[in-house]
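Same chain, two partners: chain A is paired with chain B first, then with chain C.
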Partner chain A sequence: MKKITTISIAISALLMIIAPQFLKNYGIYLLTYWLIFIIATMGLNLTLGYAGQKSLGHAAFFGIGAYTVAIVMKAGLSFWLGLPLGAALCFFIGIALGFPALRVQTIYLAFATLGFNTAVWLVMRNEEWLTGGTFGINNIARPELFGFSLASNMAYYYFTLGVTVLMAAALWGLLRSPWGKAFTALRDNPIRAESLGVDIRSYTLLSFAIGAAYAGVAGALFASLVEFIEPAPFTVGASIMMYLMVVVGGAGYFLGPVLGAAVGVLLPEWLRFAQAWYLFVFGSAVVLLMIWLPDGLLSIPDRLKAKKQAKNESAARAASAHAAANKGAQA
Partner chain B sequence: MSHTNQHEPAAGQPILKVTGLRKAYGAIQAVGGVSFQVMPGEIFGVIGPNGSGKTTLFNSMLGQITPDEGKIELNGQDVTQCGPLELNRRGVGRTFQTLQVFGKMTVRDNLIVAAQEHQGSMFGRMFAPGDSGLGSRADALIDQFRIRHVAHKKAGELSYGQQKLVDIAMAFMSQPALVLLDEPCAGVNPSLVGGISTLLKELNRNPKIGQHSSFVVIEHNMDFVMDLCHRIMVMVEGKVMAIGTPDEIRGNKQVLDAYLGN
Partner chain C sequence: MTDFLQLFFSGLATGAIYGLAALGFTLLWQASGTINFAQGEFVMLPAFMMLGFMAFGLPLAASFALSVVLAVVVLGWIFKRGIVDPLFKFGMMPIVVATIGLAIAMRNGVRAGYSAEAHAFPSLFPDQIYNVAGVTITLADLGTFVLAIALVFVTQAFMTKTVTGRAMQAVAQNTESASVLGINVPRMIFYAFAINAVLAVAAALLVTPTYLAKFDMGESLGNKAFFAAIIGGFNNSRGALLGGLIVGVCENLAAAYISPAYKDAVALVIFMVVILFKPQGLLGKKEERKV
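On to the complex of A and B.
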């Protein structure tokens, strides 16, 4: 890892640790909300950014994780059972959702996953006996960890920060392993990848499953953060918003979800000064970003580097042509 | 260009045996009953005019399409119904007519990903080091292909010729027993063609990297084919017109009339 990257990460980590000390309750709540969306979009970044599978169903997994924790806790069981159960459920449903990706790609896959999100959302809304329907499930308590209550926003923030770091470390390790290269090969050229022995069927299913499990963990944390869930946060619109976060941050960049989730979660809050115009300002900012930076915010250094390289190569060509002309004139 | 093959194919069981292969698209018979065999260590060329069925034959042998009739055997085992993944696992490498590198990966990573799936189990690879223990093998190929100066550049940033070299090197990374090369000189600067031919001869002989490798090569560059291959098959309209050594093919009147000309 480059020195500048290490220093940037160390400073960011320090800021994340001390920031809540200077924030009011709502600010801490908002930061926790951001962390949860970082986890969810890290999963989508694996599926979409690294493995190239266009999914518009990520909010469904987010919802499955949230409802699993809510239902488990409503049944009198522990959050610590609900969290892994939600992640495991999402993992296996993610495998099932990966099967359409073995047959269709691009916009057709996006529509297939969008249909899945709609179906899951309808179950959440209509199966009142299980999900509480439009009334949702309330009084979802925040858990305890080794006897420490996580009920306060401050405690829950630090807990979520810890989970985010663990999930990020796990993903970092995965992407640096041969699996990471196989996912990238699958994204860049599946036919070539298969001819080199990459089992594109297994890696496609795994990219969906692992991405879904991340959303499941995020959903479980979300249920305990808001302490009340109903179907609205898990619509297709939420999936599109998560997709936007990944693309705006930089699909296929490890830290893309950090920036993307900041744009999706924190930017609307910062734009509240615009009052009724804030959605217009937010939408315009996204349009401009997509026009000027289609590969996301984290593509800026790469673009600058490419620009500098092109300039250097152009200067080298000009110098070589000049030298050749001088040599010709002397001859 | 003179014919400079030093290495003669070994006798014994063929590594690849194709018998009565047929494939039709509607009323068009793309491949009509093609039979041939490739011996261990042999470089076998396939030539013919456009539309003669070479690519359909290649795609059938590589599991991209299923033939209507016929049998393909690899080391005596029937692989007619095998897909590309299974064929790679059984030791078949390939290149494509067009460039097929992973543009966002470095050259070295392109080579590593080309062989990593042959290392250990899939679950084990989740915890394996990033280079899967293939670093030294990748470095050896990088040196052999003389692309050391771009080894850590992204493959997509290289010139066409450099990408072509990476593309060919990837096919050899898993040390396959049989490599199918689809127009390795297509789009390559003529000054590089001789270099590719030399590299392929080295890989055919090199006991470390191209151990016992046999090649099947489709190519339109006649000088390249005649210089490189031990035997050549000429296809016309989906059928085999002739099989023989380069000298035999050059002297075959039927082939001269139909394809090579004067």
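On to the complex of A and C.
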């Protein structure tokens, strides 16, 4: 099993590295777009999938990251200042948003975060002096890294890929640390976690803050990728879509966001000519998925394994019962 | 002062519609623990049903009646049997996610399959304006308000005065005892879904003349209805109306006196204040957190 995992990781890494060589400009752009959403939904997966906090305001953080970079660069400062600034801003706003989560849970929290997203979106749309209002901010340049220009789609793709791998590694490390265990304890049974000495207060806030920082980084990369931002990609609808991406891929599965973002971003972009029908099918698929696979697409292998195990166990039980019966007959 | 009163009264009309949508929402919640994220779309679809029947030359009243029947079947029975029943055992969030998916499917199904344009909808009330002490009130606002309030009170009376309604309340409060007492629990839950569907058609009839029939008309309506329901108290039907009226009136006042651009934030601010200080809502009863 371990060997298969290593091999498949190596193959997908290789694919990701050579893929752009065979793609046209737009294809490379789409892959980058996908990577950015993987980063954003990885953050949401931490908040939602691992820590169990139902957040419907993730696109707001995505937007805060994007606007921070845009505004910083508009002021003539570097992208490399904007990126950490956006992430830090998201981190602290994420802590602030976590406070309602200490008081209310599940659906109330979903609405509180949804409301937060609306508020952020209204600021983006209305405060023209800062955000350009509905006209947005254009001509956001792509950054340079160690003297290499990342202006071409190809260079920017590799840069984004590198950031994605770094962010994924950081999350992997975090989840394997005691912190990660505390997050899942918080999700599975907050009251028991508290009685076992997990400080649920700080961990709830942290799960929001770290998830938000991921969205901030993704937003910063997004602003530089599309080179023009306006409030539209950061609506409540976008947050709901990110939520669905995590759930469809498999909340609480490390690779869930990779699959979820592909279904939520890559496919609709490719099928743009049929967007409304695609969304119709997507919405219906979400309903069916909830009925048949409430844990998301990545729960399929686990499910098959559980089925096989149950089958083996019942076979073993039958065999031992048979043996016992034989023994009884002999005696 | 006259300005204030004018804004207040037109806010009441909008608020009553929010309350109507919120009422269906709380009914579903009480009866079956279902949070319906497609509540706004449940209002949008009947608007198109009625337009469809009218396109066949039927009068508005007949279209309304047929839409009620169709809605009870589709938005009541099929919705319950197809989505809520299979997901009920998994708890609240899978139903939430499924209804989010349903909302996306309904919105885009109408957009792709019928039309992405806004369609005019005949008004129930003639264009008439009353002038009371300098305050102008349109007949449409007045009629909408009166009809919506009447519907809320009829529903309320049904729930408290009739045997069926009381049985539904019993199911909402304690499913096991209700079933021990011989109440047909699944049927009572279905009634809640049916009433929700009827209320949605009624809300569509009242709201569409002003908002126009469009595939995304349910989005903001659904949101306001949720906020209204939570502000008023999730487990209280009168709370839904109160919450709706508060949101409608405050929105109108804020648009005029503070900033029209931030009108949509009003429901949110009230909601935040309410959940921080009284999470069970203004009229709601407290529920303890269970281990």
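Here is the rule we use: the second predicted complex is superposed on the first by the 314 of 331 C-alpha atoms of A that agree within 3 Å, B and C clash if a C-alpha of one lies under 4 Å from a C-alpha of the other, contacts with A are read in each partner's own complex, and residues count from 1 in each chain.
In this text, a residue touches a chain if its C-beta (ideal position, glycine included) is under 8 Å from a C-beta of that chain, and two chains touch if they have at least 3 such contacts.
Given the structure is predicted, the values throughout are model-derived calculations rather than measurements.
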{"item": "Three-chain arrangement built on chain A, chain B and chain C clash or fit", "value": "fit"}
{"item": "Which of chain B and chain C A:Asn126 touches, first, second, both or neither", "value": "second"}
{"item": "Which of chain B and chain C A:Ser202 touches, first, second, both or neither", "value": "first"}
{"item": "Contacts of A:Thr184 with chain B and chain C, given as first, second, both or neither", "value": "first"}
{"item": "First (chain B), second (chain C), both or neither touched by A:Leu279", "value": "second"}
{"item": "Greater chain A contact set [chain C / chain B]", "value": "C"}
{"item": "Partner chain(s) touched by A:Glu194 [first = chain B, second = chain C, both, neither]", "value": "first"}
{"item": "Which of chain B and chain C A:Arg176 touches, first, second, both or neither", "value": "first"}
{"item": "Least C-alpha distance (whole Å) that remains between chain C and chain B when both complexes are overlaid", "value": "9"}
{"item": "Those residues of chain A which chain B touches in one complex and chain C touches in the other", "value": "189, 191-192"}
{"item": "Touch list for chain C against partner chain A, complex", "value": "35, 83, 86-87, 90, 92-98, 100-109, 111-113, 116, 219, 223, 226-227, 230, 259, 261-262, 264-265, 267-268, 271-272, 275-276, 279, 289, 291"}
{"item": "Contact footprint of chain B on chain A as seen in their complex", "value": "174, 176-182, 184-185, 188-189, 191-200, 202, 252"}
{"item": "Chain A-facing residues of chain B, complex", "value": "62, 83-85, 88-89, 93-94, 96, 100-105, 109, 112-119, 122, 125-130, 132, 170, 173-174"}
{"item": "Interface residues, chain A side, partner chain C - complex", "value": "54, 100, 103-108, 110-112, 114-116, 118-119, 122, 125-126, 189, 191-192, 236-237, 240, 243-244, 247, 274, 276-287, 289-291, 294"}
